[in-house]
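Same chain, two partners: subunit A is paired with subunit B first, then with subunit C.
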Partner chain A sequence: MKESLLDILRCPMDKHELELEDAEYGENGDEIVAGTLVCVECGERYRIEDGIPNLLPPDMREETPA
Partner chain B sequence: MDLGERRGLETDVYQPAEDSQLLAEAACEGIDRDRDCERGRTTGRPDDRRLVLEVGTGSGYVASRVASETSARVIASDLNPHAVRQARRDGLEAVRADLVSAFADDVFDAVLFNPPYLPTEPDTEWDDWMERALSGGEDGRAVIDPFLEDVGRVLAPAGVVYLLVSSLTGVDGVVERAGREGFSAVALAEESFPFETLSILKLVR
Partner chain C sequence: MGDRQDRSDDRSRRDTVRDTYDRIASHFASTREYAWPEVEAFVDQQTAVDEGIGLDLGCGNCRHAELLAALDGVGPVVGLDVSRGLLETGRKRAREREFAVGLVQGDAATLPLVDDCVGVGIYVATLHHLPTRESRRRSLDELARVLAPGGRALVSAWSTAHSSFDETEGFDTTIEWTLPDGETVDRFYHIYAPDEFEADLRASDLELLEWELSSGNCYATVAGDGGGGEVDAQSVDY
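Let's look at the complex of A and B:
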């Protein structure tokens, strides 16, 4: 994901901003390929994997539908 | 290759069909026209590109077309991990999220949605990702209604929604529900098929 996407993303639970932690950047440096987004309010953590942030709330994160 | 064979090959992500094409065309045309109408307005964003979100992007077909045919920056989101991976492989900015819940207030100039809309018996639901991409619950509106409740929050002041609705779901009911959330609806395009008529509604406030 592009770093500028951070301005658009919010914690799905309380709509507060997210802080980027442990960011790994891609080869040309303009994309975040891995890291964690942390809600500044509730502290919930959202992983970025293969360049895709997973902003599902904790109870929806399983890979297959219920 | 016919549709049945294509579906057989790709069972995890809804592949583009007539509904996708109808939404892509209406959205591309509308987004370009809106840009012309509002040229010169200040968005507060540094590059002043219009910002478009496609919810439930599936194969990414609609988002890709809007990204290539308009000047807008397009974000593609989906609940389905296979769908967001495919969207990213196709060069889209992908986010795994539930409807618009993970996005900030007042940011999008347009939100596009081809929702799961087929009315489905309760005991046949949510078995796999494809079922989830198609099924709209007993009345066909199980996903559309929560979307309508929250989408106004993420729209910029002049932002609009492009929503695909089928006659199988009932266009009047969706228009009425959108009205209760503060939207008026304009039908932009319509196409009839043997078992349903598809409409693109533009929702404005």
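Let's look at the complex of A and C:
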């Protein structure tokens, strides 16, 4: 995902902003391929997996990624 | 207690829809090559968009995100889907056809987007997979929340007007998807009665601008909760 996408992405639960942690960038530098998005309000953590953020509510997420 | 049980059933059925689409993703996407003409017509009308992103909600293989990406004036395009498998088919299509789309895994009833960010939205053939009326209404309210003032979206759902159905009232059902090897996988659908579709839209935070039946689907053009005031209600054909 592009870092600019963070401007519009929000925590699905409380709609607060997300902070990027542990970001890994792709070869050309403008794509985040892995990392974690953390809600500044509730602290819920959402993983970026293979470049796609998983922003499903916690109870719709699979416990162990396939 | 009953409420909690409903919520838990709702969740598990939505998980099932996600798992189903993860399983059938590649084959499903291969049969969804072309954009729907109703969606093309809607996108063609969106000539006055000068702010906000394009959103393909329930994007599947991103065939409609592709239309949004080609639209003048629209910002970045986001494709959101519950199924990781379908998002992968969207990534493949975007790569092959060289259009830009930001992919997000998310739930249509709990949108991970900021208020008022969407200039043009497409929400087709997705609402009917949400398993309860409460979750379907919540997703319509969420769409209203994220639509920018002046933003427009097209919402569609399968309806009892389709020739496949004899029913006249809305109902829940499962419809089989047959994989190339003959294996079948069930998908949950709520088939809307047309007047039920209209009632759910009117009960939501969306402003219903017009709606029609086409090819057995209900289609509604909507504005968000803060927009659409400039539209002359007299000119709108309900």
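As a convention for this text, the second predicted complex is superposed on the first by the 62 of 66 C-alpha atoms of A that agree within 3 Å, B and C clash if a C-alpha of one lies under 4 Å from a C-alpha of the other, contacts with A are read in each partner's own complex, and residues count from 1 in each chain.
Just so it is clear, a residue touches a chain if its C-beta (ideal position, glycine included) is under 8 Å from a C-beta of that chain, and two chains touch if they have at least 3 such contacts.
The model shown is predicted, which means the values in this text are computed figures rather than measured ones.
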TODO: State whether A:D59 touches subunit B only (first), subunit C only (second), both chains, or neither.
DONE: second
Open item on the list: Once chain A of both complexes is superposed, is A:E27 in touch with subunit B (first), subunit C (second), both, or neither?
Closed with: neither
Task: Touching both subunit B and subunit C, residues of subunit A - done: 1-2, 5, 7-12, 15, 51-57, 60
TODO: Please give the residue numbers of subunit C that touch subunit A in the complex, ascending.
DONE: 11, 14-15, 18, 53, 76, 78, 82, 84, 87, 91, 102-107, 110-115, 117
- [ ] Sort out for me which residues of subunit A touch subunit C in the complex.
- [x] 1-2, 4-5, 7-13, 15, 46, 49, 51-57, 59-60
Task: subunit B partner contacts - residues on subunit A that touch it in the complex - done: 1-2, 5, 7-12, 15, 50-57, 60, 63-66
- [ ] Would you pull the subunit B residues touching subunit A in the complex into a rising list?
- [x] 51, 75, 79, 81, 84-85, 88, 93-98, 101-105, 107, 126-129, 131-132
